[in-house]
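Given below, in the form of structure tokens, are the structures.
Across the two complexes that follow, chain A remains constant while its partner is chain B and subsequently chain C.
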Partner chain A sequence: MSDAAKHLPRLTAAVVPLLVLCALPFYLESYWLRIGLFSMAAAIGAIGLSLLSGTAGQLSMGHAFFLAVGAYGYVWFSGDPGPGLPPVVAMVLAVLLAGAAGGLFSPVAGRVKGMYLGIATLALVFIGHHLMLTLDGVTGGFNGRSVEPMEIGGLVLDSGRDDLVVLGVPFGAEERLWYFGLVLLAFTWFTARGLLRGRPGRALAALRDSETAASVMGVPVARHRSSAFVVSSMYAGLAGVLIALSFRRVVPDHFGLVLSIDYLAMIVIGGLGSVGGAVAGAFFVTALPLVMAKYADQLPLVAAPGSPDGSLGPTEASRYLYGAAIVVILLWAPDGLHGLARRLRSRLRSRLRREPPAPPHGPGPAEPVTPAPTTTAPSVPVKEHTP
Partner chain B sequence: MNTGTTATRAAEAPEPLEVDRVTVRFAGLTALDDVSFTVAPGSVHAVIGPNGAGKSTCFNVLSGLHRPASGTVRYGRQRLTGLAPHRIAALGIARTFQNIVTTEGTVGDNLMLGRHALTRAGFVSSALHLPHAVREQRAHLARAREIAELVGLERHFDAPVAMLSYGDRKRVEMARALCLEPRVLLLDEPVAGMNTAERAEAVEVIRTVRAQLPLSIVLVEHDMGLVMRLADEVTVLDFGRRIAHGTPDEVRRDPEVLRAYLGTGAGGTGPATPGPGTPGPATPGKEAA
Partner chain C sequence: MTGLLDTLLAGLALGAVYALVALGFVIIFKASHVMNFAHGSMLLLGGYLTAVLHEHLGFAGALAAGVLATAALAGVVDRVLLQRLPQDPRAAHVATIVTIGVDILLVTDLARRIGGDLLSLGDPWGDRVRTFGPVTVPDSRLAAVAVSALVIGAVFALFRYSRWGLSLRCAAEDTEAAALQGIRLGRTRMLAWCLAGALAALAAVFLAAFPATGLERTTGQIALKAFPAAILGGLASPVGALAGSLVIGLTEAFVITYQSDLHVLGDGLSDVAPYVVMVLVLLVRPNGLFGAKGAARV
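Let's turn to the complex of A and B:
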């Protein structure tokens, strides 16, 4: 009884949100699916940054650069000015390219720590932006380049050429990419968990908490710092590929310093050093402004877009709300969404223990909290806003 | 199942650790001045001295954190001076810290960190959950549990370190060092800040470790009672110089040692304070008097 009973809740917590996520394309319009896709891409990148900043304690402001390397790498490897490789191969090469870019920076990343690395990586964003604008032949300059759709086993993840209908629902670009994004996110989740719970994760956490102690325990400091940087760059590269695929066009201005800061916001809001937290933070930072922009015109005191100066437009209103939400989260849950979920869970568990007679239904007010352990947190915003 | 890695090192008996004429200078201050001593295999060797005598510097040289200006440290035939700390750890030389340095996470996580040098799983094999990485983790976790049991931490194995008492956290440090399957264990003030009961337990743990594992122990400690009870040999430092050396009994009677601890002209009377932070029951002054 013990083994099956112990694993059952955990298994449900993993399988149920996965089933919900798989079912979403049958119910959601493409607008929402696109928000979901952007969030998945952000989640992959945020997991990478969380590994570097949350676990290894190394600040990076250069995440946007590695996202750009991934996105442009994919576009070039698969596109016309470029070798025009099959998209899957181009994706793998783009990820490796981002890793190599991280590796080139590793003499710095291995030696410089914490805050100082953050400043050093600032340079990457500006160099990257400059290169994107000037290397016309590769990047398409200021106007960027359009992105070749992903193709897997003859199935093109794009609308148009064939009319795919699944269970009566027409499957366009967003629906197809959705599953591709899910697979990439699941892969990222799986690998990052393995890293964090395994030998490298322990070594990186030790480095963050005390470099001296870690080295005396047998951890080679510089090598682990650079490895963390390379791995984080590779996740950023993968995220870049998914960003390129879901935007269908890459432009230099997307990959600015603001994007780097958005990713830092994601991992802080989500809770440093946790995979589930990074995903939740990514959805929060990516989806919330878009969702708010969609509904801002229904708020009181908000004027229609294009109204005369001085009135509060929906874009501004959504920004205010988004900012307020960040402040509220950081005040109430300084350890992020991950910490909030953990505290709710332990409170729930202790309450269940105190009232053993009614475990399946539990006390009333705690009920809505039940499906919100870290694993399911990302699916919540998507579900709530179903039109 | 876990015998593979543990047996290889445990089978090797410890070799002598030789500190040979080591001098360390920090910007004009000579922290260690021509210090030599040898830790005999399997013995407990204490390094004592008043505050600022250079005991911690000595430990930092042994574990590779400081490079001496001159002199060498050898473990058997292997020269340690000039090696990076993680290489010295890989040779089986583990240490604890005076102020506890643990990593966030459970006791188990910390102990598994101690096995870093004995394990192989890298970034790729851990990320992909490759079978050998999973197997390795399982085997070493089993051994970490055994070590937790040895020091009396088995109840707390899955508890976050931050929730433990001071004494238990000190134990985590020692267990983590033991997880390296060390041949030389460097203990930096293992009972500092503990109450009497905790001290007694700590001494018991050190005795158990010594009885059950083939290792030499180097001990830095202010608590003279503990040093006298545990040590086979004692080296006394003062202002970076070695002023005495010998068995606990010899050292206790050494006039130089008395002078260093009690000041010049001290006759062993008065409120003897052998060193700040030392509420130890037995001071050399009192015992010699």
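Let's turn to the complex of A and C:
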């Protein structure tokens, strides 16, 4: 088999979803596109958090803070109280600002470990929320600020004054932002995979598995911990910019503890340490409540909004389902969706292999391929680092 | 001077209540390496049951029922959900996220039942106050300090002298060796969860008592302030939880009293101050005040 033919399945596996994603704005309502946009923003942030928690083994619950720094940074840099820079420049500066905020926290992030860091970063969420309310010259206080639309080479990503129509489909804000989000997500995906598979990723994984061993091998512990934190905050900042652009208004209450916990849930549901898993988890956690809120009144036992007291409203129904989904998924697959997919794939492969001619040594070689849960299960959730 | 004494007492009472919650975190963490995010909603459940039942059973009966039910729920959550997960300390974050799921379920349900109401728990202290010379103290605060001191003392005695306490300390030291000695890890763990649940339910009573106006659906969020208290002292150290809670309680009370002087820093500073103190302490001692620096084995 030639090289090209060998790469063909992998290439199609990468290109087909991309084509589908590019085609979606031509078919979907703007409601669904908005859900998609929120999910993309969440995916970018989740990839960043996954670098930190899944690879470096550091738990962070302060992600909402860095998202907020990115979002407010963009708004301030591009907006009226603020220098009013071109949006692209403002975006880059906002990402750098989020990185700098992560760097400021690095004296803590470099020294404090695991669960301790998780709670320490919780502080950032509360302090950040306090700052957002207090510095109302910059942040607009409780009511927040509206967001300048992104502009690239004269094309404003807004429901704009120009009535752009592509192939008979009117292109409003959601359609335009969709492609922008896709580009950002693709950028994040490839840079994160590059980081994970390269030298830094290996150093971080070594650090996670054994700090002592890693430092003996010459990995500077504190520096790697804090730089993982900085990189993860920069991704969070980028996600914050996209969130700001798709909401068109930033308010302090969005960036609360709940958001941080959602991000943590995303990467754990997706499967720690995997870029694909983080994206899947982000879509799951972001889209599920929105989709459920849309269809909740059609579920059995759920009353329409505004029904008498004591009946189950759609918002509550979607919260119940969300909570239950987290519990059920993690009990069923403690290594997350990524681990689930991997097990399905290996089971499928072993079945395919078994079917054609009988294996040379009887049933023997086919059996071990089906994962033996006793040997893989305990090590999988933290060990896994193949993106 | 009176202001200072008042503030000190308020801080002490607040710290005593936080200590009940933070001790629960520490017990659970010691037994299972899990940070229990459902602690706030368990606290709320205890308070809610007490509030609903006190007209039928009287305060003491309702409190007992609330405490027992919450303890049972915590035990069930551990036994039925968390003990099914892989028992690797490094995989503890999975269990932590599962508790977040449990928290979402519980809080949604309780918030739906409580709605916008303020529930009275029917506690015997009411709004009575006592005057000692220049200082006036609400009875409920005195009760909070006294009951917490008693209960925490009892818990420490349990740790030190009971078979369960010994099992727990052994299991925390070396799980494998403990299992080989015949310690029933599952049961030890579950009992730890039950105890923590009971403490949380007890804390709910004092959080809803005077000078607070009653139990509302956001009362459970108080657990978020016990997080810094638990971390500050060192997550695996019960004594640390106690010390951390007092530090956090006093910090909060002082910031509330002197808020007007600190107005430059914005409103609502008392909600942020505990976290600032925590970060400062962690900068100096990354494992908390009483946390042992784990020895690394190569």
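Just a few scattered comments:
To be clear about the criterion, the second predicted complex is superposed on the first by the 354 of 387 C-alpha atoms of A that agree within 3 Å, B and C clash if a C-alpha of one lies under 4 Å from a C-alpha of the other, contacts with A are read in each partner's own complex, and residues count from 1 in each chain.
We adopt the following convention: contacts are C-beta pairs under 8 Å (C-beta built on N, C-alpha and C of every residue); 3 or more make two chains touch, one makes a residue touch a chain.
No experiment lies behind these values; they were computed from the predicted model shown.
Annotation: superposed three-chain arrangement on chain A; chain B versus chain C shows no clash, the two fitting side by side. Set against each other, chain B and chain C differ in how many residues of chain A they touch, and the higher count belongs to C. Of the two partner chains, chain B is the only one that A:T191 touches; chain C does not reach it. Applying the stated contact rule after C-alpha superposition, one finds that A:P9 touches neither chain B nor chain C.
Within the superposed three-chain model, A:G84 lies out of touch with both chain B and chain C [touch as defined at top]. Residue contacts after overlaying the shared chain place A:V231 against chain B, while chain C stays out of touching range. Of the two partner chains, chain C is the only one touched by A:H130; chain B is not.
In the superposition on chain A, A:R319 makes contact with chain C only, while chain B stays out of contact range. Look at A:T212: by the touch rule set out above, it reaches both chain B and chain C.
Using the contact criterion defined above for the overlaid structures, shared-chain residue A:P200 touches chain B, although it does not reach chain C.
Of the two partner chains, chain B is the only one touched by A:V221; chain C is not. Once both structures are fitted on chain A, no C-alpha atom of chain B lies closer than 6 Å to one of chain C. Shared interface residues of chain A, touching chain B in one complex and chain C in the other, are 212-213, 216.
On the side of chain A, the complex with chain C involves touching residues 53, 57, 59, 107-108, 111-113, 115-116, 118-120, 122-123, 126-127, 130-131, 133-134, 211-213, 216, 257, 261, 264-265, 268-269, 272, 309, 312, 316, 319-320, 322-327, 330-331, 334, 377-382. For chain A in complex with chain B, the residues that touch the partner chain are 190-192, 194-195, 198-203, 205-206, 209-210, 212-221, 227, 231. Chain C contributes residues 29, 33, 35, 37, 81, 84-88, 90-94, 96-98, 100-105, 108-109, 112, 115, 224, 227-228, 230-231, 235, 265-269, 271-272, 275-276, 278-279, 282-283, 286-288, 296-298 to its touches with chain A in the complex. The touching residues of chain B, counted against chain A in their complex, run 63-65, 84-86, 88-90, 94-95, 97, 101-105, 109, 112-114, 116-117, 119-123, 126-129, 133, 137, 176, 180.
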